[in-house]
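Next up: some structures, all given as structure tokens.
Across the two complexes that follow, chain A remains constant while its partner is chain B and subsequently chain C.
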Partner chain A sequence: MSATTFNRLTPYLFLAPALVIMVLALLYPLGYMVYGSFRDWDPSQALGESEFTGLANYVTLWNDPNFRESVAVTLKFAVSVVSIEMLIGVGLALLLDRNLRGMSVLRTLFILPMMIAPVVVGLVWRYMYHPTVGIFNNTLKSIGLEPVDWLGQHALLSVIIADIWQWTPFIFILSLAALQSLPRSALEAARIDGATGWQQIIHIKLPLMMPVLIVTGLLRLIDAFKVLEVILVMTEGGPGLSTEILALRISRTATEFRELGVAAAMSNYLLILLMLLTLLMLFYNRWQEYRAAKAKRAIEEAV
Partner chain B sequence: MPKIKLENLTKRYGNFEVLHGVDLEMEDAEFTVLVGPSGCGKSTTLRMIAGLETVSDGEIFIDGRPVSQLEPKDRDLAMVFQDYALYPHMNVAKNMSFALRLEKRPKAEINKKIKEVAEILGLTDFLHRKPAELSGGQRQRVAMGRALTRDSSTFLFDEPLSNLDAKLRTQMRAELALMRQRVHKNMIYVTHDQIEAMTLADRIVVMHAGRIQQQGTPEELFKKPVNKFVAGFLGSPPMNFLESTVQQEGDDVFLAGQGFRLKIDGELTKRLSPLSGSKVDVGIRPSDLSFDPDASADNAIDINVVISEYVGAQSVLIGDCGGQKVMVELKSDTPIALGEKLRFRVECSDLHLFDTSSELAIG
Partner chain C sequence: MAAVSDNSQAQHPAFYAVVVMLIIMAVGPIALMFVNSFKLDVDIISGTSGLLFLPTIQNYETALCDVLPYELDHLDFCALKFGGAFINSLIIALVSTFFTLVIGCMAAYALVRFRFMGRDTASGTTLMVRMVPPAVLLVPVFGLWNNEFCISKTSWLGEIIRDNFGGRGDVCLAGTHSGIILIYIAMNLPFVIWILQSFIVQVPRQLEEAARMDGAGPFQVFFKVVLPLIKPGLAAAAIFTFRIAWNEYLLASALSDRDTKTVPILIVNNMSEFNVEWGVIMATGMLLAIPPIIFTLFASRQIITGMTAGAVKG
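Right, the complex of A and B next:
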């Protein structure tokens, strides 16, 4: 081998270990899942012994009202938690973007929920929502109001509230970071130009925070589609299918119904959905870079 | 245009006072330049006038009305920032019209105003560009345009040229001077560059360590600095200072120092003779020294010239006189040999004298 070919190959040599790990740990299971989704596959069989059924699993799912219900619940859950979390998170950030005494303590307190294990969050909220001994109903009773059937009639709302409690801090922290990196002088200029507090938020702060907000929102959305533990612990998907989000249905299809092929196909549907969101995010980043490059070219032409 | 008046304006950060009671009155439509080294309080003063910093003590009056408790938007002023402070997500036209749009002025009026200002500043072709697509000089113009589109009575400039390169700075300085002639408004301009101050100002206010040192026309300050700081700050190359002692011999008064002994004549004699024996710093502007080998030692100093900096028609000589650094500015075609002790004449009327301990001007 000549020295130049060797030199050219060196970087790939260094990349090889990472590549091997990626193939083994990421691509192989993924391929296994995709392959399994085309087969009628029971956990007692080896994958090779199962029968090939083509797209049957996908078609069955597409026509299965329960699966559709599950998709609908997932969408409802993800869209409502992310939009409410964005609203509260950004709102809090706008309120707390100032030099208050003890601000750093406050900030640490705010991000605590994010650091608690989801299973624990689920357990804590389940007890708080408990119809007779939970703090919510006890409080309602003590001020003379009717108790609410939290995890029964309002199950979806209840899990949405718990998720908001846990994940609003994520958006709050990122929004606050975005706010504090805004150009101070542009905000001062806006004050001199006569912008009121609200006008500064609407015309200057929010537009300038937008790139961060969009990426944060998409990240949260991707995460919200995959949520499992909190809901598993709180409601196990019930009552009925009212809180059976996709991840939960996948897990139950695989373990309770022992239909690995169908579960794999379901996972692929979810994967496609998430992939679309990820692509959206990547395209957004690309677009930003493209715009920056265009701006740079424009200056160079001008000079 | 309203008059602006500062009364005992004070700024404290915690217990640390950075501005110690500034009093200043600006005439109608005057171009006032606050100048001083960094940390002297000039930007703080400007930002307090703008309403971006709170006032710890004292008051700001605009047209006789105290404004220190008012929001910036209620003070009827426009400001140009050092880093331009453009809104990155708005194009040039939107940047310039932001204030007008907030006021909900009619569209036709806004467009007319933008067009007018863009023409003055040569921005007509860039109205749809975002700030990121503009060069430094263009951004500076947009910042200026944003101030101009508003009908504010007062313009504040916070070191507007200091982010530009040397060539562009000179060009923008000239444009500013031109704009100054066209726009009759109060202008308050902060800079650390004494050339900007001298060329643009109707009134210069020299600040140092949170206090006003002196104010007046550029000429007044250049010719009659009240203390050593102002004398050394204004003028380029800066004034030379030589230590000396007042000596009286009969009716004659001399200023004697290392390597020179100047005879004082005229009225200054009377003022100096009671000071006989005391220390005085002699200030001589580099341009007031002229090469004259035949001058009498009574009105000349001998300088050992070490370096000659050629700057075109003029050259700046750097040398030493009795161990103290002295600069001389003279025509480049003057025949000078480096490394030799040369004699330079100075007129007694061109001397600036300062009390060594108080640093205040004498005479």
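Right, the complex of A and C next:
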């Protein structure tokens, strides 16, 4: 092999391992899942031996009240978690965007809940919510209030609170980064024109942060659909179906009910939902770039 | 500079109160777990207040009973095999991090330097893969790893493996460390490629050309010139990959067998029992949380870089 052909092949050599793994362990499985979702498939058979049933799995799911309940729970969880986290996270970022000593400590420690295993997060919160041992009920009792049945009657709320604890820092750190990269000149100009703190926030900071905020919110929304371990450890989807989000239902359908075809169809529904969200985000990014380019051209023409 | 003038004016103490409160809220639950992991179950359940107890490492001993070199007095049977699970977790997390970095690095370098496909493709793929929940991969990965990714027991390689390691059916990826490692590499690759690209772009081309003038081949240029220059990027990528491989539960639980269980699986299994042994569970939780905590304390800057790169540069 001559030196030139070797050089021409180099990029492919460098890329090959990554490509092979991605195709083998990601693309192929996804295709396999789509194929399997049209079949009556249980774990004891190879996929080829199973019977082709067309859209039966999808139709069954569509008419299954439990599945619908699970979709509703997932949407309720994702939407409330993301909106509350955005409110608190952005609010804190606006409040604390100043030179405070200890901010770097706060930022470091704030990452902790996101870094430790979701399983451990679930474990800690399950302990804290525990009806007799837990710290919440003990505190309530010691100040003379009625204990609350956290993981029973208010299971969904409790799960949402735990997620807020874990992920608000994500929004906070991203919006703080966005805030600190805002153009100083715009803020300076507003201050000179006598804008109050609130006016600065509403008319200057928030609009300028908006692109980052929307992307952050969408990223968080996508992640909220992926939450599984925290809820599994805290409630196992119960009581009843009150906290059984889609991801949890997929894993239960596959492992407990042993209906791989149905689980695959369910995965496909979830994937389509997330795909729509991702496309929304990509289009938003494109649109932003387009608008920025247009504004730049307008400025250049004006000059 | 504005920052300097801001610095000179003192801030209202209320802001410091908010910061302190947030720190307590963020760390509180973890600290609670830390404290409880040193308590006996009697102390945890009686709920006697906070810090008045005799700290003991008995929970840690119980958790790690299968790897401790000495016999335990309080335990006549070692039921929890957390020690072995820790070794599994370590092997899987370290090996998958290593391969993800090597493979990801090479791919990122090719994408940047040889200019094909371009950054858009990679960031698009990253986003697409980020979108896929592990739960969606569960069904196909379970099916494939058990039925398709196998070496027939009658083939030459299959016979060698069967003779050396035992077992009955075909040799399959499921139940092995490699099976879990493979899916973790695939899950993390796009992110690693994408974050390393942004570091490789900043390596000056002239450096590489100079090395090439001196007679270095493409592989030498890559390993001796480029790699040392992108160490911060490698650190960020390594932390993110390690964290996912170390913490992941769902896919590992579907792919592991008795001997390859990781720590999260054992924790979930022990939590679903009727009588939760809080002390021991908290001790294992603490052990599982230690590596991420160490990373956070020593490399928070890299972590924040990796996190903000996702949204701010998008």
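Rule of thumb we're sticking to: the second predicted complex is superposed on the first by the 278 of 303 C-alpha atoms of A that agree within 3 Å, B and C clash if a C-alpha of one lies under 4 Å from a C-alpha of the other, contacts with A are read in each partner's own complex, and residues count from 1 in each chain.
The working rule: contacts are C-beta pairs under 8 Å (C-beta built on N, C-alpha and C of every residue); 3 or more make two chains touch, one makes a residue touch a chain.
Source: prediction; values computed, not measured.
Colleague: Would you sort A:208 into first (chain B), second (chain C), both or neither based on which partner it touches?
Modeller: first
Colleague: Please indicate which partner A:298 is in contact with in the superposed arrangement: first for chain B, second for chain C, both, or neither.
Modeller: In the superposition, A:298 contacts chain B only.
Colleague: Residues of chain A touched: more by chain B or chain C?
Modeller: When the residues of chain A touched by each partner are counted, C comes out ahead.
Colleague: Which holds for A:197: it touches chain B only (first), chain C only (second), both, or neither?
Modeller: The answer is neither, since A:197 touches no partner chain.
Colleague: Just to be sure I read the superposition right, which of the two partners does A:138 touch: chain B = first, chain C = second, or both, or neither?
Modeller: Only chain C; A:138 stays clear of chain B.
Colleague: Who does A:188 touch here: chain B (first), chain C (second), both, or neither?
Modeller: both
Colleague: Would you tell me the residues on chain A in contact with chain B in one complex that are also in contact with chain C in the other?
Modeller: Shared contact residues on chain A (touching chain B in one complex, chain C in the other): 188.
Colleague: Any idea which chain C residues touch chain A in the complex?
Modeller: Against chain A, chain C makes touches at 2-3, 6-7, 11, 15-16, 18-20, 22-23, 25-27, 29-30, 32-33, 36, 44-45, 47, 103-104, 106-107, 109-111, 113-114, 116, 124-125, 127-144, 146-148, 182-183, 185-187, 189-190, 193, 218, 222, 243, 246-247, 249-250, 254, 264, 267-268, 271-272, 278, 281-282, 285, 288-289, 292-293, 295-297, 300, 303-304, 307-308, 310-312, 314.
Colleague: Taking the touch rule as given, give the residues of chain B at its contact with chain A in the complex, in rising order.
Modeller: Residues 50-52, 71-73, 77-79, 81-89, 98-99, 102-103, 129-130, 132-135, 138, 146, 150.
Colleague: Contact residues on chain A for chain C in the complex?
Modeller: Residue positions touching the partner: 7, 10-12, 14-15, 17-19, 21-22, 24-26, 28-30, 32-33, 36, 41, 43, 46-47, 92, 95-96, 98-103, 105-113, 115-120, 122-128, 132-133, 135, 138, 165, 169-170, 173-174, 177-178, 181, 184, 188, 212, 215-216, 219, 222, 225-226, 228-229, 232-233, 236, 246-248, 250-251, 254-255, 260, 263-264, 267, 270-271, 274-275, 277-278, 281-282, 285.
Colleague: Report the residues of chain A in contact with chain B in the complex, numbered from low to high.
Modeller: Touching chain B from chain A are residues 183, 185-186, 188-196, 199, 203-204, 207-208, 210, 292, 294-296, 298-299, 302-303.
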